[in-house]
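Please go over the structures that come below.
Shared chain: subunit A. Partners: subunit B in the first complex, subunit C in the second.
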Partner chain A sequence: MRWRPGPIFIILALATCIPLLDQILPVELQLSEAVRGVFLYAILALGLNVVTGYAGLLNLGIAAFMAIGAYTFGILTCEIYPFQLGFWSALGLTIPIGALAGFILGAPTLGLRGDYLAIVTLGFGEIVQDVLKNLDVVTKGTQGINPLPAPTFGGHEWTADDEYKWYYLLLALLVVTVIAIRNLERSRLGRAWFSIREDEIASRSMGIRVERIKMIAFATAAAIAAMAGGLSASILSSTGEPSNYDFQISILALCIVIVGGIGSIAGVLVGALVMVGLNSIVLVKATAWMAAHGIGSQGNVLLSPNNWKFLIFGLALVLAVRLKPSGLVPPRIERAPQ
Partner chain B sequence: MTVLRTRGVTVRFGGLVAVENVHFAVEPRQIYAVIGPNGAGKTTLFNAVTGIYAPSEGVVELNGREQVDPLTKLMVLRFVVAFVSIGIGTAIAVNIETLWTATIVDHYTFAQPFPWALAIGEFWSTLWNMPRTDSLIPLVLGGAVGCAAAFVSWWRGRRAPDHIARSGVARTFQNIRLFNELSLVQNVLVGMDHRMRAGFLSALFRLPRFFSERRKFHAEAGQLLEFVGLGSRADNAAGSLPYGLRRRLEIARALAGKPTMILLDEPAAGMNPSEVVDLMALIRRVRDAGTTVVLIEHHMRLVMGVSDRILVLQYGKQIAEGTPAEIRSNPKCVEAYLGSEDHG
Partner chain C sequence: MLDLDVFLQQLITGLSNGMIIALIAIGYTMVYGIIELINFAHGDVFMLGAFLALTLVGALGIEAWGPSGQVAGVAVLLVGSALFCGSLNWSLDRCAYRSLRKSSKLSLLVSAIGCSFICMNLGLFWGGVPMEVFAGGNAAAAPKDFPALIPQVNLLGDGFLRITPADLLVWAVTIPLMIGLTIMVKRTRLGRAMRAVAQDPVAASLMGIPVDRVIGATFFIGGALGGFASVVYSLYNNTIGFQMGTRAGMDAFTAAVLGGIGSLPGAVLGGLTIGCVRAMSDQYLELRWTNTIVFCILVLILIFRPNGLLGATRREKV
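Right, the complex of A and B next:
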């Protein structure tokens, strides 16, 4: 059979060109720094997509796992703690620790579905923030943990100037995440996830161990979200304060999944581009452009596009659900291999 | 060995008795029919056999073994492990501030080497020497919760539908329950899932085992779809199938797990006469391939045509059991279906 590039491949291939494009564009139009945020949220939303898209379990607390990943990374790498691991080993450890956190949340919620599960995960998100805030002996409370190391390659640590290295590192990790999730999706496990989303009683009657499959979905999502958290902490060189990982982040990830296409990897990538792109590229550039041309007044907050973001998120969500309920790039029914 | 035997199975929902004191036995390679008017408790009986409901009284035996697993030593060991690990975890979590201070904060000076052995020793001695109320209460409470959770999950799992399906009992549903957004092949592959062995890591890293298993089971799923006459539509979505063919796919999905017994709940519902004839042939082929068939059906020509034995239920009670000829000549059964002359 002849290989044809799928939408995922095309999106990722186009993404590799952006830093090259930046070389010829004027400074105001350069994109690569903002696109990093798209990659980070794409990784987070891909994790959420496993539990909400594939297994059909609405999870409103994905940011909690991002926080757990960020703080794990912080505690393992920062000089104020004795562990002081390097970037790579600490990032690697966020994955099993995130998975463990996913198991801990997953175990008591196995019997729940739909709205009830959403409420429990929402509560978990709040609890994690409060624990991080109040356990200040360990987490330094609201100060956040800093400074955190950047990646090292061949013994030399990156600085903020290595913008393109960061860009390609995030892109590479996004590609690895996409491949990992695609491999899981197109396997026995992915089928089991789909089957419990479609009909839990039927899949149980076919011998699918529903509890175990749900636990794996939770743990996989949590592991990916924790990795995204570790990465974001490293980019910022700080975990930031616990409230950086609040409900808004979970909702943004959920919007990405819904607008892009529930259960579709290409959809999540497009969704991240649309939602985060709007937020950190279009609105920021529009604000800068308006300021440069003297449109809008500094005093009137309503006239600054930067402040429209929640309006636009809400609008995008309403439009997506109304016009394209299965998302911009809906999942396709898998063609049988061979 | 008897494939399925019920001894006095009763299912109650509050005050309503849906199935009352039913005894029957299905021998290997039989086609066994359960008939009765609507609301007689036939589907409830199926649900009790497949673990969706637990019988209020009585015993269901599958392949000569009770449907409910006994408590094994391994399980008891699991409860102990759950108690100890979750208990210690809770004790550490509750005292994390004290432990962190005693091990990390007290021994680490910025940019100085960290005495690991000393800190780890300090960790355990702090845990050991702290007031018993601080360490033992969370240990016991957390352990008890963990142990109880392990027990409850075992208790529920020992008769759960997934467990029974894995022991070789497959079924179809009266109101067809396919995975509509999956393709036909994938629906069948879900039925095969419990025969597959390649796990998370072989899927993630695409190990050779994953490919060999995928090749084997895809080929088998294709054959199974051919067997029920759906081979040409293997890659269509199940939701796009016409009604009559959906039942065939459900049968293929149920057969995919290589069950010793398959329960068909009204397989002919909504079928036209020629589809019913095809279905009868299919049911016979399933039996000839070595699978015991138990079916619920209202379509008398199908029931009388294929069954070896028939069980008749009315208002949850068993009113007759026997060969088709016996049932046909039993006045009680005729009355149950057609009404007695008194009611005219």
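Right, the complex of A and C next:
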């Protein structure tokens, strides 16, 4: 069979060129720092896509797992705690700990019907945030845990200035995530996820253990989100305050999945580009441009691009569901012959 | 040690706030009962109602109407916000939900989340309106003071308990509304149509019930109750903000689930319970844990008794 590059391959190949492009572009137009954010949220949304896209379970608390990952990373690495692990071992540990958190939330709740499950995950997201904020003895409350180490590679420590190293590290981790999920998607497990999404009762009668399969989807999503959280904490060198992982982040991830194409990896990548692009490239650049041209936001709420964020997220969700329910890049569905 | 007067005082506050929560919860429970949608935007419709009320206070100059005029002013606010929130909720159904009746429940829910964000953003913009009541619109995102049109004086004189006219207003508005609503659902033609659609929309439409119009009416009534609640809330708590819809919405949704979603008396019982739990937690635990406690109640109820306290046991249809 002749190998043809799929859309995912093309997107990721194009992504490698952006730092090179930045070399010739003027400073205001440079993109690689913002595109890092696209990669980070693409990883988070790929996690959400496993539980919401493949298994069909709406999770409104994915940011909570990101927070758990970030704080795990923080507690394992920061010098004020006894562990003081390095970047790689701590990042590696966020994955099983995230999965464990997913398991703890999933075990009692996966029997619930779809909309109730969505509310429970939303509630979980709020509880995690409140607990992180209020248990300030451990989590330093709103100060966040810092400073946190950057990755080391062959004895070299990466600082925040090494922008391109960060860029390629995130890209590499995104590629690893994509490959892992792509393999999962085509495995027995992936087919079981699709099957319970389409018809739970039929799957059960075909011998699929629905609860267990749902649980694995939940834990996988949580593990990936936790890894994204650990990465984000390391980039910022701080966990930030707990409200950095609020409902807005969960909704951003949901927007990415819904707008891009629910259940489609290429869709999630495109969705991340569109939504994060809007959120942290267009809005940020527009703010900078307006400040440079003396259009102050002073006194007028409409003139600050950041104030349009909720409206953009909301419209994205409403319009995507209404006009393009399968997203910008719909998944290729293999249907059984009729 | 438990001081009896502190406890009773918190109970009064809890019950008054609980009645407001109950009024919002009815909006959730009615919509859920009829199309099984958690109308995420309901809390934000409530928030916009409060913003309209504050705008009316500023535009009509109600503060200067004198003591008896202010009572008339409150009536104007109640009617205005109720009509506004009812129409807004109806429009959401018309624009964002109606075309999705045949798609999956989850896309409907996602659409509702989107509407909630849109409404919240409109609230943020509204806060920037250059009016005196919005502090000139300079700090759009900041909470706004709502003038105390109903005085917060103690009616019991120097007694050890404190009951204010604002408490009485809460009860005087919410109780008749709840009674009226119950009668409407039980006795009128529209109420019967609503119950029929809730039970089986296809059969109802075969019997000649205009299903979409009945659903629209349900959204309008639910929204209008949210509008009444928004005015009462503003007069009782005297501060409003564009993010208050999320908090109020979660409390009310928890109340609806606690009482058994789809059940009107359940929503009232749930609202009173949540109001009291909040008040007691503020007093006897720490303020900062109150939200966590409400969420824990929600999660535990959903896990262990998803049909709520008064909800009928019903299996999900295949």
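The rule is simple: the second predicted complex is superposed on the first by the 327 of 338 C-alpha atoms of A that agree within 3 Å, B and C clash if a C-alpha of one lies under 4 Å from a C-alpha of the other, contacts with A are read in each partner's own complex, and residues count from 1 in each chain.
FYI, a contact is a pair of C-beta atoms (placed from the backbone, for glycine too) under 8 Å apart; a residue touches a chain by one contact, two chains touch by 3 or more.
These figures come from a predicted structure and were not determined experimentally.
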item	value
First, second, both or neither for A:Cys17, with subunit B first and subunit C second	neither
Subunit B versus subunit C as contact partner of A:Ile201, first or second or both or neither	both
Which superposed partner A:Ala292 touches (first subunit B, second subunit C, both, neither)	neither
Touching partner for A:Val27 - first (subunit B), second (subunit C), both, neither	neither
Subunit B versus subunit C as contact partner of A:Val301, first or second or both or neither	second
Partner chain(s) touched by A:Ile251 [first = subunit B, second = subunit C, both, neither]	second
Partner chain in contact with A:Leu189 - subunit B first, subunit C second, else both or neither	first
Overlapping contact positions on subunit A, where the subunit C interface meets the subunit B interface	108, 201
Subunit B to subunit A touching residues, read off their complex	50, 52, 96-97, 100-101, 104-105, 107-108, 110-111, 114, 116, 119, 149, 153, 157, 160-162, 165-166, 170-171, 173, 177-183, 185-186, 189-191, 193-194, 196, 198, 200, 203-206, 210, 214-215, 218, 234-235, 237, 253-254, 256-257
Residue numbers on subunit A that touch subunit B, as the complex places them	79-82, 107-108, 135, 137-138, 180, 183-184, 187-192, 194-195, 198-199, 201-211, 216, 333-338
In the complex with subunit C, residue positions of subunit A that touch it	56, 58, 60, 108-109, 112-116, 118-120, 123-124, 126-127, 130-131, 133-134, 201, 247, 251, 254, 258, 299-302, 307-311, 313-318, 321-322, 325
Subunit A-touching residues of subunit C, taken from the complex the two chains share	36-38, 96, 99-100, 103, 105-107, 109-111, 113-122, 124-125, 127-128, 130, 136-138, 140-141, 246, 250, 253, 257, 286, 288-289, 291-292, 295-296, 298-299, 302-303, 306, 316, 318
